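Order of writing sets the labels: A, B, C, D and E. Residues in every chain begin at 1.
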Amino acid sequence: MLDVIWLVPALPLVGFLAILLFGRRLGEPGAGYVAAAAVLGAFVVTVGAFFDLLSLDEHHREHVSVLFSWVPVSSLQIDMALLADPLSITMALFVTGIGFLIHLFAIGYMHGDPKFSKFFLYLNLFVLSMLMLVLGENLLVTFLGWEGVGACSYFLISFWHTRESAATAGKKAFVTNRIGDWGVMLAMFLGFQAVGSVSYSALNGAAESGALASSTATGIALLLFVGAAGKSAQLPLYLWLPDAMEGPTPVSALIHAATMVTAGVFLMTRMNPVIAASADYAPQIIAWVGALTALFAATIAVAQHDIKKVLAYSTVSQLGYMFLAVGTGAYVAAVFHMVTHAFFKALMFLGSGSVIHGMHHEQDMRRMGALRTVMPITAGTFIIGWLAIAGVPPFAGFWSKDEILLFTLASSPVLYVIGLVTAVLTAFYMTRQVVMVFFGEARWESHADDHGAHGEFRPHESPPIMLFPLVVLAGLSVVGGAIQLPSFGIIPDSWRHRLEDWLHPVVEPGEAVIKGTAAYDAKSWLALLAIACAVLGIAAAIAVYAKGRAKPFEPELLARGWRYDETVSAFMGGPGRRAFDAVARFDSGVVDGAVTGTASGVRSVAERLRRGQTGFVRNYSAVVVAGVLGVLIWFVIIRGVL
Amino acid sequence: MELIVFVLASAMVLSGAIGVVLFRNPVHAALGLVLTLFGVAVHFVSMEAHFLAAVQVIVYAGAIVVLFLFVIMLLGVDRAEDLTIEPLKLQRPVAIVLGAGVTVLVAGAVVRGADTLGRETNASAPGDSNIRALARSLYSDHVLAFELTSVLLIVAVAGTVVLTRRLKKSEG
Amino acid sequence: MPEQFIAPSIDWFALSPYLVMVAGALGLLVVGALTPRWPRGLYSLVSALTATSAGVLAVFIWNDVAEMGPGTLVGGALSHDAFAQFVTIAVCAATALVALVTDAEVRGTVLEGPEIHALLLTAATGAMVMGASNDLIVLFLGLETLSLALYVLAASERTAAGQEAGMKYFILGGLASAVFLYGIALLYGGARSTNLGEIVARFQSTVALERNDSLVLAGLALLIVGLGFKVAAAPFHVWSPDVYQGAPTHVTAFMASVGKAAAFAAMLRVLVIALPFHRDDWRPVIWVLAIASLVIGSTLAVVQTDVKRMLAFSSVSHAGFLLVGVEAAGHRAGEQISGDGLESVLVYLALYSVLVVGTFSIVAVVSRHAGGSTDISVFAGLGRRRPVLALALTILLLAQAGVPLTSGFVAKWGVIQSAVAERSYAIAIIAMVSAVIAAFLYLRIMVSAWLADPSEVEPEPVPAMTGVAIALAAAVTLVVGVYPELLLGWTDAVSNFAR
Amino acid sequence: MHGAVDFPLLSMLVLVPAIGSLLVALSPRRRPEYAKLIATVTSVGVGAMSVWMLRAFDSHSGGFQFVSRHPWIESWGISWHLGVDGISLFLVVLTGVLFPLAIVGIDPHNDDPRRDKPYFAWLLLLEAGVMGSFVSLDLFLFFVCFEIVLVPMYFLIGGWGYEGRVGAATKFFLYTMLGSAFMLVSILATVFIASANGLGRITFDLVELAEGASFAASTGRWLFFGFAIAFAVKVPVFPLHTWLPDAHTQAPTAGSVVLAGVMLKLGTYGFLRFGLYLFPEAARWSRPLWLTLAVIGIIYGAIAATMQGDLKRLVAYSSVAHLGFIVLGTFAFTSQAITGSVMQMVNHGVSTGALFLMVGMIYERRHTRQIADLRGLQHVAPVFAAAFTVVMLSSIGVPGLNGFVGEYLILIGSFLTARWWVVVAATGVILAALYLLWAYQRVFHGEPDEENRSFPELRWKEGLVLLPFIGIIVFTGIYPKPMLERIEPAVHDLIEHVSDRTGYVEPQPAAISIDDEHGEGE
Amino acid sequence: MEPTTTSYLVLAALLFGIGATGLMIRRNPLVMFMCIELMLNAVNLTFVALATRFSDIDGQTAVFFVMVVAAAEVVVGLGIIISIMRRRPGATVDDLAELKG
């Protein structure tokens, strides 16, 4: 299947075009099925490619297929080329796989929406872009996908664009991402200047062979990280992601949890030799930004009331973990966490979508409660997701988070502590959410009047087409950890480090690098410590929210996200806007003023001169005689005498 | 002797000229003009340009000034012009400065250029042959110019016709 | 002992253009006086034909000159060279056009008779003489013939404005004539002759070391002033806006075309041909006059509201352009390879003459319909009322502004080219910038004609002969603009002039 | 060589619209429909010829093709010398394609049908002038065409524009004419100095001058600046841009489309063809100035655009920013950057042309261009909004659409020689997203109010006009190679020329292990 | 002692200057006209003085032509003045200042 790897993006493209041309005729649910089928097809091809690769010798697990020469100008030769290697296939697998599930879910979720087919149009376009991103053979093709997913994200966030907030959120996401794109573009330029190419093989090859100067590598790494921070919602560029929850929930699940936001992590992983070749402070900056983002977002999540906002901040926090992993050299762990996170976070988003669907678009958790009774499957799957993210073994999240923490300790104890604290908070706020939504008393009944339009209000379980993806994802969240089990004594050797081995050609450093450090030696104890932290967080949350042992600690400051967003908005709306206005005024006043001023200056000089034209013939004669005198002075005195 | 004539004639010329400028009554100004013209005629005589002196008196003083006076009388514009009032400020001092400046510069130029004029060769122009030479020049070298004056006169004639033709009733 | 009187030989054929013109004028006067009223328009037609035939004769004479080389006529009074023929042709062309326009302008008034046309023809004769003169006295006589006729023509329409214009023109013109004449006298003192050929010869032969020529210089100063007045170069332009505005429109057209052409031809004769060895003396003055004219002409034009006055100031600006060419000609005046300055000025003159007559003809048509007003508001809506007329106006104005594919551009290109060829960059740039300022005024007229709200005015009648004149002017403007080689291929010879 | 065809293609491209204009002007006044018919036939014919030329163009040659040369004004050394190379090729085609769309697709909306006639006549004359500017290889001819376009444009703005049309038209005319004033003097000085320094004769032929003449450094710089002022005004380069918002805003839709689409390119094209080619040394020397102005223009134009309340003004300011990129690329002196600039000229023409087209449609429907008066159009006119979105994304520079390829090439090429300028310039991509999306949000998003509720959807005819634009936008974005491979040889020759004259060496990126991964890409 | 040519020329210059000054000072068109005549006479004086000095008859011929011109000018000038005065009796040139600016 490797030879037809182009089918992977081509199928969603076909789906996109089909819906573009016949969307209205396909209608509901036809468009949804077309779209889902396209993604499923892509998944199938990817799976085929996966096995093809697997059958190859480890060092030949790389297949480049050049579609056509894209931007060829003299020394710059960029092909539209796809690269199938373990990393990209891994990404493509879960993009298409989870993508397919979410498409299915959306068919149910978007039921009745007047723009049903358009939604799937965007979704297919998104999958296409995401696949170009991950399959790109060079930075530019990735960038094509990178911007494509950004644009789709924009369309989908502002899908319900008549809502002002949705429109604003879409714009915000796009513009913030563009700040990151600035970094990606400059990184490409720098890479091109240094290597003469923007292809991964050239850049990474140069970095590995030492041909890439350390300063250049640092520049590329950090600039790429700027882009990654934008796309993956890291400090200080994260603030578009919580707002992005304005989009329909399947979008949040697909784009803002599972796939697009992990693109930054993917890119950093893809370029890991360059990071390795860069100065030491480059990965440290990445690690610190990741750790701080993880902690920072977790604190905010603690005080959110919107069911999706909690998940959004949680996503930011988990992405922080992944960057922490990237920064500490745990690329495999990063990818691992990316995959598991994709499972359980997509699951929870879809679950929340199911809740919102059942609650007739109510998102405030304070108006929920006891929903397990009316939507048992949703509740059950959500709880699995909760356990996974909280880090309870043997669910998927435990394994990946544990590996990240292990590497972190090997790198820096301070970061490790931050990671642990975040883990506690994660367990805490997720438990809080599960309790508030599914347990306790049914607070929605008192608010039933608000939904008067629907007549009798009663939350209901979602249709099977929405539940099926939940179940599948729940299953994956349970067993997902199996792809990269650590080397504890009880785990058989052949089960260990599957992912690491698979990714080996792409990602050189694995657990081996930290072998011999104190952290590595204490890894079993560390695992226990992590479990303890998870339990601590869960217990605390149950104590507060289920048992009412203590008053909930939800300070205003945290609820408002440390006022970061407000400050930025206030700056943009205040001094920023004033500065822009000043430029516009400068333009009309000074720059254009100089032009009109010149014109009116000529005019006023002319008016003054005009008064010299008095109409009196004697004045005129005086002017003529004065001219005579002047000319005489020139000729007689200056030319004659002097 | 010639110096005395020169001085006297120059006095006539200048006083007449100043009279033209300063006499309030245009009739008096015309008479000042006559004085100047006569003075110039005297100079012509003293420079042996007899024919021109005659023409000067006959045409200029005789015809042109008479024409002036005639027009003054015809139009009744012989009222005195009040020279004590100058409606245009600065006009007078500026005029005097400019006039004086031009005079000084031209005079300076001719004085400076005096030595380039060559030897004085007065002797070779006997009074009689002067007219003959003039005629010869007029009808040979300057015959075209001479003929051109006729065109000029056509203009003058046609011009007066145009300018003085009575208006039709319709034009009011 | 009378010497043998030797009458100068007279080449009658070479003089034929002048004779035709004078004969035409006399014929009009005499026959017109003796016979009852001629059919309408016949006077105009006759004078246009007269001017045309004089122009055609000049073409033939040109061929003679081209074969036999330049010389002089009638005892050295007139030059017999391509330069003279070129000026004659230009003057005749402009005169013919003006004559066509005049008919409608004077019809039905007291001036309907032949006199106006006779004056036009004699004035044109004076202009031709100026262009051909090889003697300062002849030049002066030509100038006076032209000027006197213009005084009369300016005052011919008995409106207050016309009379005021005539009066001002007359007094200031008298002053300028006196100054010019005094210049001739002083130059005579310095050069001992009034004949241009002899003047050149004299300065050529005089060893120039330590030469005290303050008489020549003073004379030159006064000559430049006199000529500067006639070409309406700032600051000697003061008369021109008032006179252009006050004079009847067809007369204004005549002044701006024939008057200016003759005066510039005279200027070239005096400065470039007669006094090339003083070029370093007079060139800077021309430089200053050029810049003053360009700047004052174009800036003052911008603030006017009367179209004729605007065009008067624009004509000052054009004078500035022509002076740029004169200045350029001054760089290598008298040398074997004399540059393109002189040629460019002549080309400019010829093209501008046609252009300006066309423009003023349209002004005449519009203003007569509006009761004599030439305020810019009367042009409002012309594009709706008379699109073809407005189109012609547009072409002519664009040409005046120097937009490519019009003769105005060719003209400007020529003078700027000659200036740049002499490395007079500053003056070239100033000229071009002032052309941009001046363009504003042409745009204003065009805006009024095309873009202003159409006023509810009946379409103005376009008299047939005026229409022909306008059409001819516009056609020349475009044809020469697109294919300048027609004219340029022809003017190479003009710098080969008589000395 | 393909240029040896007997058919005088380029002359036809220039003369056919001119003749068409004349025919329109002469068409009977009472039958205004003839005017449109003639205009349509003419412009479509020219468009077809230009496309045919594109097909016949030899993509491997960097030299001039379809050369046609005849004496014109021999006394002045001026000839009718036309030719295209990769730099001008697509601009010619763009001109050929844009005009029929503007003529057929945009209604002049005259209250009086008789006013159609001058409208079409001016448009065709404009086409002739623009074509002439792009294909002329003679300085005089170029100047004539460069200057003549002002007249039809002036009348189009002044006659068929909006409220402030007369002032805007006048400003446009005088401002650009002022720039040309310097160029005229400079052209002449170039010719004379060249004739004195080695060339030995007066000729206005571009190729002869560029290949045969050499100037002392300071002379060349003065001459270059004479040209540069004219081009800088036309582009327009900050701070000479203020005529543009006025002209663009007040022009009728067709005028804006043509103005943005091709006329601004006269400036950027002029820089390449007459600046770099004639005065390589001076262009190299003055590089920091232009790069700085370009970057200021990018940022400044974007910021100013953000704050505009008038949709057309916003697009106009965005042009300032976009053209800043083109100038940046031009003066970067690398193959990628200059190729990108040439491509971006076309791209900007397409995408901004389409934007103006659609703003015109909005105006026609709502009689306002004020962003504040518009709301929620996407809700009532989704197809229209979709088309607008595609064009907008192209303008923002989203990969996969044409705007990106040009911008990317400019930036990556410029990075080699002007790193820090690029670092600043690249922020322009952020600002571009900001102002366009913000405007889009205010106009298309939200709940439509009463006045906007009846906003009509895109009509078939309008869609057909927009379709070519969108087609080009998508096709060039995905497959720019046909374009790049035609542009590149000419750019290469140009840089060679600069190198020959100034000893400049085009920096090449360090090619590490390039053979490893580019077996099939070469 | 004889008067030199230069003294004639200086006298002429004075006469010219007075004429020019008068032209600028006087308001009556007729008197202004006379001032022009003064200037022309200055020219004549110059011509004759120079012609005498050079023994060259051309200078005198020139004077002859100047006189003709002066006569023609007077005819035309007086014609204009009459036509104006008929309309507005007693007008000075200062009254003729409608055209300006």
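What we mean here is this: a contact is a pair of C-beta atoms (placed from the backbone, for glycine too) under 8 Å apart; a residue touches a chain by one contact, two chains touch by 3 or more.
All of these numbers come straight from a predicted model, not from anything done at the bench.
Shared contact partners of subunit B and subunit C, listed by label: A, E.
Note on connectivity: the fewest chain-to-chain touch steps from subunit A to subunit C number 1. A centroid comparison over C-alpha atoms places B as the chain most distant from subunit D. The most centrally placed chain, judged by C-alpha centroids, is D.
Using the average of C-alpha coordinates as each chain's centre, A ends up farthest from subunit C. Simply put, of A-D and C-D, more C-beta pairs touch at A-D. With centres taken as mean Cα positions, subunit E sits 5 Å from subunit B.
Here the spacing of subunit A and subunit E, counted between their Cα centres, is 96 Å.
One finds 65 Å separating the Cα centroids of subunit D and subunit E.
Inter-chain spacing, taken between the CA centroids of subunit B and subunit D, is 70 Å.
Counting only residues that touch two or more partner chains, subunit E has 9, 16, 19-20, 23-25, 27, 33, 50, 54, 58, 61, 65, 69, 72, 76, 79-81, 83, 93-94, 96-101.
Under the contact definition stated at the top, not a single residue of subunit D touches 2 or more other chains. Shown for subunit C are the residues that touch two or more other chains, namely 137, 141, 144, 148, 151-152, 155, 158, 167-168, 171, 175, 179, 182, 186, 189, 192, 213-214, 217-218, 241-242. Across the assembly, chains come into contact as A-B, A-C, A-D, A-E, B-C, B-E, C-D, C-E.
Residues of subunit A that touch subunit E in their complex: 610-611, 613-618, 621-622, 625, 628. Against subunit C, in their complex, subunit B makes its touches with residues 105-106, 108-110, 112-113, 115-118, 132, 136, 139-145, 148-149, 151-152, 154-156, 158-159, 161-163, 165-168, 171.
Against subunit A, the residues of subunit D that register as touching in their complex are 171, 175, 238-239, 241-243, 300, 303-304, 306-308, 335-336, 339-340, 376, 378-379, 382, 393, 398-400, 404-405, 408-409, 411-413, 415-416, 419, 422-423, 426-427, 429-430, 433-434, 437-438, 440-441, 444-447, 478-481, 484-485, 488, 492, 508-514, 516-518, 520-522. The touching residues of subunit C, when paired with subunit D in their complex, are 387, 391, 398, 403-405, 409, 413, 416-417, 420-421, 423, 425, 428-429, 432-433, 435-436, 439-440, 443, 447, 450-451, 483-485, 488-489, 492. Residue ranges of subunit C in contact with subunit B, taken from their complex: 2-3, 5-8, 22, 25-26, 29, 73-78, 109-111, 115-116, 118-119, 122-123, 125-126, 129, 135, 137-138, 141-142, 144-145, 148-149, 151-153, 155-156, 158, 182, 186, 189-190, 192, 211-218.
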